[in-house]
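I'd like to ask you about the structure that follows.
Here the chain labels run A, B and C in written order, and each chain numbers its own residues starting at 1.
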Amino acid sequence: MWIEYQWRTVLAYLPDYLHAATLALRITVVGFLLAFALAMIAAMARNSSVRILQILAACYVEAIRNTPVLLQIFIVYFALPSFGIRLSAVTAGTIALGINVGAYLTEVIRAGISSVGDGQLEAAQILGLSKAHIFVYIVAPQALRNVFPALVNNLVQVLLGTSLLSTIAVPEITGVATVINARTLLFVQVFGIAVALYLVLSYGLSAIAALIGRLAFRAPATARARKRSSALNLIGVRP
Amino acid sequence: MSTSTLNETSIGRDIRLSGVTKAFADLQVLKDITLDVADGEVVVLIGASGSGKSTLLRIMSGLETASSGEVVVGGVPMHEPKRAREIRGHVGMVFQQFNLFPHLDALGNVTLALRKVYKMSAQDARKKGLEVLARVGMDDRAHHYPSQLSGGQQQRVAIARALAVDPRIIFFDEATSALDPELVGEVTNVMRGLADDGMTMVVVTHEMGFARRTADRVVFMADGVIAEQGSPEEIFGNPQHPKTIQFLSKVTDH
Amino acid sequence: MNFSLILQSLPFLWSGFLLTLGLSAVSILGSTVLGLIVAALRTSRIPLIPGLARAYVEIFRGSPIPITLLFVYFGAALYLGYSVNLFIAAAVGLSVYHSAFVAEIIRSGIEAVPAGQHEAAQILGLKPLQTFSWVVLPQTVKIALPPLVGQYISLIKDTSIASIIGLVELMKVGQSIVDRTSDPVSIYLIVAVFYFAICYPPSVWVTRRQRKALAQ
């Protein structure tokens, strides 16, 4: 009875949780897009022949990957105003997360680019395709497909990173949960629901991403993949 | 040539090499090569691994630059760095590893350059693509992806891809070496068809049968130089150079 | 860049840094031990155990660290009264969280040892435990060490999150100084340098090892 009361009390806050989740999702999507854009630029800089660009990109990646993301969030939110850049908590948080995951994505994209065999580049060159053509039509599609799981992983990382934004008073899931906990002291239920929300969101994102992946990359990747789907067909599961 | 030409350029169909050398770091791979390939001629390069034949082929196709000497392909002085790019899109190359684009189907592989470089409309590109696939006997698999094709089929698509841009010369770099023996024939048959149609071809191969039947001239290379060259009858029937004799005996022994 | 402020703050930052190092060391140990146990549980033959272990891993991988830490903190507060040792709470929280990832890395390492090794050991007459100790484990360690070290580096960075339950490690010290002096630029920069100093050298090692592994 007591347990039931506890759950009902906390579940009454569901609308607040959902608002928080929506905000977290928005920050995740925008943050990831920013991260992707930064990563593309950094990856190309790293692969370019201009030494300064190479070094700058490398510094970006190493500096971000070897310092805590919480520190980066604080720097964007608290230190930038000293330079005249005053951002809202949500904006600062989104930018910080974007910069953070962007560094990790840079390495992912570089791996993707180098996974496209040299032989294909030679074949494309001989055919007369320009460097831009080669990148857009040969390298990018394959690179993206090859590193897609890693991309999705990093998307989930942004989502989990939003949790830290509670420290700068962003009303996302963890922040809201902390407040509800302060009010009800029912930490098991309060944080339990928060965890459940994160799990639903992270698995949901992965599932949607997997669907997008399947639609976007329609070419059968390998003979092994082909055999697997015909086996699935046999037991009645649609590939 | 039976197909219409896409591009009215002045690039010729012959090759002139003179005093060509190539070194990689300390290794001298090619030492003074002088070779001419005439319009419509089929020249086959044979020799042991390390003889420099693939390197020579790659220099002719522009994938490598010679360390010294003159390389004139179709009238384009390849040894002048700025001009080397001019032959891109006008010569074809077929690789040992096929190098097809796995994310595109056969038709897609063949028409990519047509659509992007020659700016053909999707319709025209498709028409030409199917024509060229038919020429290699793969038009019924136009929508298959490389992973759904056998090695021989993939290589034929690769040849079609090279043909689609109306090349003046086609280079074959051990085109059948990665194929299972029973698939070699379908590829060499296509190559034979191209030769009969008058294509200028430079072929690096281990298939002596192909060299014998289809080559206009066989060039035997050893240690970075041309040891001997002549008609297939001369080289296979009456080899003069000791290294040629040694190589041929090893090749036909198994 | 206020250098005199930096100099004045160094002693405090240094003690925070030492706490960070201590917390890192304890949590690395804890997460490894727990991770080994969980990895072993996943390969167990007892019904339900592998499933539970899998659920353990999935829950922590899909949720953020702050929640775990807060859970541990409030749980301890409730059952031990409000004299919670923040260091222990943080260590427990971090160890438990990262053990899920360590378990996965170890599991992949074990599975990466080719099946032929087991067969060869079997033919030679080695018993399962012997095979595991002398054939599988050494190879697992070699394969899994770079990703493990990578995970430990993440753990070191994650000690900063202990600041949200009030532990006065490096991040919290920095925060307090900034609160008092309003010079976030100088202070956070120095804090960043501290973290970079402990994280960069191992990460260079990891990258080098991964490159070597790929080349094979």
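In this section, a contact is a pair of C-beta atoms (placed from the backbone, for glycine too) under 8 Å apart; a residue touches a chain by one contact, two chains touch by 3 or more.
Treat the numbers as computed from the prediction; the structure is a model and nothing was measured.
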Centre-most chain by CA centroid is A
Suppose chain centres are the mean of their C-alpha atoms. Which chain sits farthest from chain B?
C
Interface with the most contact pairs, given as the two chains involved:
A-C
For chain A versus chain C, what separation do you get between their C-alpha means, in angstrom?
21
Distance between chain centroids, defined by C-alpha means - chain B, chain C (Å)
55
Inter-chain centre distance, chain A versus chain B - centres from mean C-alpha coordinates, in Å:
45
In the complex of these two chains, what residues of chain A are touching chain B?
117, 119-120, 122-130, 133, 137-138, 141-142, 145, 217, 219-223, 226
Please name which positions on chain C make contact with chain A in the complex.
58-59, 62-67, 70-71, 74-75, 78, 153, 157-161, 163-164, 171, 174-175, 178, 183-185, 188, 191-192, 195-196, 199-200, 203
Residue numbers on chain B that touch chain A, as the complex places them
61-63, 88-93, 95, 97-105, 112-113, 116-117, 145, 147-148, 158, 161-162, 165
Chain C partner contacts - residues on chain A that touch it in the complex:
62-63, 65-71, 74-75, 78-79, 82-83, 156, 160-164, 166-167, 174, 177-178, 181, 185, 187-188, 191, 194-195, 198-199, 202-203
